[in-house]
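Pasting the structures in now, so scroll down.
In the two complexes below, chain A is the common chain; its partner is chain B in one and chain C in the other.
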Partner chain A sequence: MDLFVDRVIDGINNGVIYGFLALALVCVYRSTKHLNLAQGEMAMFCAFIAYAFTKIGVPVVLAIVLAVAAGAVIGGAVERVLVRPLGAGADYSILLVGIGLFLSLNALAGMIWGGDPLAFPNVLPSAPDDYVAVFGGRLRYQQLLTMALLAAILAGVLALFKYTKLGLAMRTATSNPESARLLGIRVNRINSLGWMIAAAIGGLLGPLVAPGTTLTTFMMFNFLIYASAAATLGGFDSPGGAVLAGLIIGVLESLVGGYVSIIGSDLKLAVALLLLVVVLMVKPSGLFGSKQVERV
Partner chain B sequence: MSLLKIEDVYAGYGAADVLHGINVTVDAGEVVVMLGANGAGKTTTMRAISGMIQRRGRITFDGHNISKAAPDAVVRLGLAQVPQGRGTIADLTVEENLRAGAHVRKDKKGIAEDIDRWFGVYPRLLERRRQKAGLLSGGEQQMLAVSRAMMSRPKLLLCDEPSLGLSPKLTQELFASLSQISKEMGMAILLVEQNATLALQIADRGYLIEVGTIAKTRPASELAGDDAVRAAYLGY
Partner chain C sequence: MALPITVREGSLQHRGLNFGHALLVVATVLALPYVVEPYRLDQITGALILAIAAVGLNLLSGFGGQISLGHAAFFGIGAYATGILVTEHGWSPPVAFLMGMLLCFIVGVLVGLPALRLQGMYLALVTLAVGVIFPSLVRRFESLTGGSAGLFGISYDAPENAYFVGRTGQIVWLYYVATVALLLSCLIVWNIMRGRMGRAIVALRDNESAAIVMGVDRTVVRTVLFGISAAIAGLAGGLFAVDTGVLTPESFSLLFTIYLLVAMVLGGSASYWGPILGGFAIYFLPLWTGEITEGPAAGVVFGVLIILMVFTLREGVIGGLKKLGSKLLVVEPRRPEPVGELSDQQMMSDAAILDLDEAPGAIEEASRDVSRPRP
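Then we have the complex of A and B:
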């Protein structure tokens, strides 16, 4: 029983990370209809930026806030300089831009901060007995904080879409960009905002997971694959769906990896990829994504 | 002075121009129809006015030079467009579509009043206010397209083939309602329409477009009686 609880908690902890990054992917997808392959690397880069700030004596919380701001700037700049000039409908080009950005950020971080894993401080106390006991399992403070922040961001994003004029304009631009422009909505700015929000979310995630993964240039790589699977499962245009799917995948892979001996920890990633394939075959719009409805 | 004045405008898609120095004027409160064969440049003219495509030449609207203006700036000056194909925002509810139409306005009370007003004009939309707009019938989407464009309280409404996909009866109703809106609000309409008979009935004046230039402009009643127009567009 204890082992089961541990595995579920493990899965939830990982799932929160997948959901976090999936939420960022959804924000980009809702603005420019693309999968940003460099989303994880942008988060990684922000974690290094936070690290650089802590090295010059900035308190860790403030360093993370600065990393989030840096994320927003990077996201906005990428949209403006690399994505927008390619124009609408440049699907493959933008996928390639994502790969290029992925490699560049990775190499740049390696050049600046070196290839060795670096330690990044926790925000909350992390001594061995700093945890909350749940059914005999241990939820560490940092993990609880990550969960709480994910819940808060998700609530914020949903409220933005549902209750504000800006959110309505964002949904209009997603649903019908042409019409949105004719109604006076500055679609370019809305798209830029989507990229900024996404990168800022990544900028928060990076420094939060860095203490656990250690700070390396490849720290986000696996997470991006899981997050893509989560966004696919939940629906690429559904923030809530993506987060929930992240949790589902996290728990599922932890349990399958734990109890199915031939899978173990080596093939856990395959579980996520298999799920991805199945979802694409059975329900391409995801569990909560909106099907394209149009009556002519 | 004209509300809208297009002088010697060239525009098109990519390398090839569709419009070759077109001239059109619309006065305040006037209903003007553009007739022309497929590919003559009617929709392109609309898109050039609203700034959806690059154009050269001079376009003035309500005293402002909008020759280089982006669509959002044009809308803010009081020029709304019902695009070809209705421009339904499919994932938004009917009511949200109307709210989106009022994007350039700040007066919350006025927006709420206008939403009620258009629900009054088109009760079908009221019945379906919480439905996704993509699920509306063609006629309902067209009503929504007109109402949505009207939510910005335009001085000039560009209306591109509103009858497309509508039954003759619905088309007639829609035109009657457009004509009434124009009279009540003193709003000018520039209309592109295949159904020339109906369009000329509500129009004050008409333009004949032939391959990117204006062939004729005359009062609607004269155009309706013109032999060439009758042969080409009225079909009798």
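Then we have the complex of A and C:
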């Protein structure tokens, strides 16, 4: 029983990370309909920026806030300089830009901070007995904080889309950019905002997971694959679906990897992705995504 | 002489140019082993192998418009099939290549099945799944594949011949094998795209519903397309196995697929020379950036270079070259010849031809449109 609880909690913790990053992917997708392959690397870079701030004596919390701000700036800059000039419909080009950004951010971080794993401080106390006991399992403070922040951001994003004028404008700009422009909505700015929010979410996630994964240039690579899977499973245009799918994937992979011995730890990712394939065969637009209807 | 020079299609000059073009390619291929150092030739073989894989991917993604993030898996299946058959069962490499291609074709068709229902990002994710699962499967079935430690000792020895002596001879031999394989792959792609199947593929890419209404069998075309593309990637994988002699799961990671995609798009997707040029670019660019700068800085330069090329060469290197070429040389399309006795309408058709003559660009533009993917 204890082992079961441990595995579920382990899965939830990972699932929260997947959902977090998937939420960022969804924000980008909802603004410009692209998959940002560099999303994880941008989050990684923000974690390094936070690290640089803590090194010069800035308190951790403030360093993370600064990293989030840096993330928003990076996201906005990328949208303005690298995505917008390529125009709509340049899918392959944007994919390549993402790859180029991925490679250069990764190498740049390695160049500035070296290739060795670095230790990043926790925000909350993390001594061995700093945990909340749940059914005999242990939830660490830092993990609780990550969960709470994810819930808060998700609520914020949903509220933004549903209850504010800006959110309405964002939805309009996504569903029909042409009409939105005619209505006087500044579609470019809205798209920019989507990228900024996404990168800021990444900028928050990076420093939060860095204590657990240690700070390395490839810390986000696997998370990005899982997050893409989560976003697809949930439906690329549904923030809540993406987070929920992240949790499902996290728990399922932890349980299957733990209990089915043929699968072990090697094939955990394979299980997550197979699940994805099966779901997509039945429901091609994801669990909660809106169906794409094409006019012939 | 004023630029651009105008040449009529089918005229002596035009044929001469085409012939000269082909001659130049053949001469380059034959001369390379004598001109460049053996280590350089070895690198060229590596680039040729990447080019074959890119040609395979281009058939699916460039001409077919279906993105694949899983081609590293097909490349890997071909490589491991060849490796295992050659080392464990003592098969002769060419037969092993064929078996690898067959296996890839079958797996490709199976992966192509979900592709019938999915498009764009969702398809990308399914193929990504295939690509990511493959290395973990290799690690898992250690007894068969050698696992993370690797599969060793795969080779394709040159035949007993005075021409292929020693280490240098072996390098030259593999260079020729890779060249022939690339030629074969290009022929396959060219033949497919020239015929009925090719038109069906392009039609499905540009307007699926319209294509189906016109009688294109989507199920057959899409799955076979996936299979053939995978088989070509598998051939490249088999060559990779005999070229490097060592296979580890790390060689077939997601990064490899990404490199292939970069090769295809940088070279120019939906073109014949594009993926070949792209294969060379993707092989040699990291080597050169590595020579100019040290360590991680090379990665930064490489990444920035990719972004720069996306912005400066929207249609790939081939597109850029064509644009440059059209400033120097314009090939005027052949005049349509009046059919049968049209004495009454002769005047009219002449007038029509004159009209066309005034705007040769428009015809060329229209005839070129076929090979261009729609945004």
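Rule of thumb we're sticking to: the second predicted complex is superposed on the first by the 292 of 296 C-alpha atoms of A that agree within 3 Å, B and C clash if a C-alpha of one lies under 4 Å from a C-alpha of the other, contacts with A are read in each partner's own complex, and residues count from 1 in each chain.
Methods note: contacts are C-beta pairs under 8 Å (C-beta built on N, C-alpha and C of every residue); 3 or more make two chains touch, one makes a residue touch a chain.
Keep in mind the model is a prediction, meaning the values are calculated, not measured.
After superposition onto chain A, the modelled positions of chain B and chain C are compatible, with room for both. Legend: residue contacts after superposition of the two complexes on their common chain; A:L103 is shown touching chain C, with no touch to chain B. In the superposition on chain A, contact is made by A:T232 with chain C only, not with chain B. In the overlay built on the shared chain, the residue A:L95 is in contact with chain C alone; chain B does not reach it.
In the superposition on chain A, A:K55 contacts neither chain B nor chain C.
Between the C-alpha centres of chain B and chain C, as viewed from that of chain A, the superposed structures give an angle of 80°, to the nearest 10. Put chain B and chain C next to each other and count what each touches on chain A; the higher total goes to C.
In the overlay built on the shared chain, the residue A:L168 is in contact with chain B alone; chain C does not reach it.
After the two structures are overlaid on chain A, the closest C-alpha atoms of chain B and chain C sit 11 Å apart.
Common to the chain B-facing and chain C-facing surfaces of chain A are residues 294, 296. Residues 165, 168-169, 171-172, 174-176, 178-186, 290, 292-296 of chain A touch chain B in their complex. Across the interface of their complex, chain C is touched by residues 29, 35, 82, 85-86, 88-93, 95-97, 99-108, 110-111, 115, 225, 228-229, 232, 236, 264, 266-267, 269-270, 273-274, 276-277, 280-281, 284-286, 294, 296 of chain A.
Chain B contributes residues 50, 52, 70-72, 75-76, 80-81, 83, 87-92, 96, 99-101, 103-104, 132, 134-138, 141, 148-149, 152, 165 to its touches with chain A in the complex. Contact residues of chain C toward chain A in the complex are 67, 114, 117-118, 120-122, 124-126, 128-129, 132-133, 136-137, 139-140, 209, 254, 258, 261-262, 265-266, 269, 295-300, 302-307, 310-311, 314, 375.
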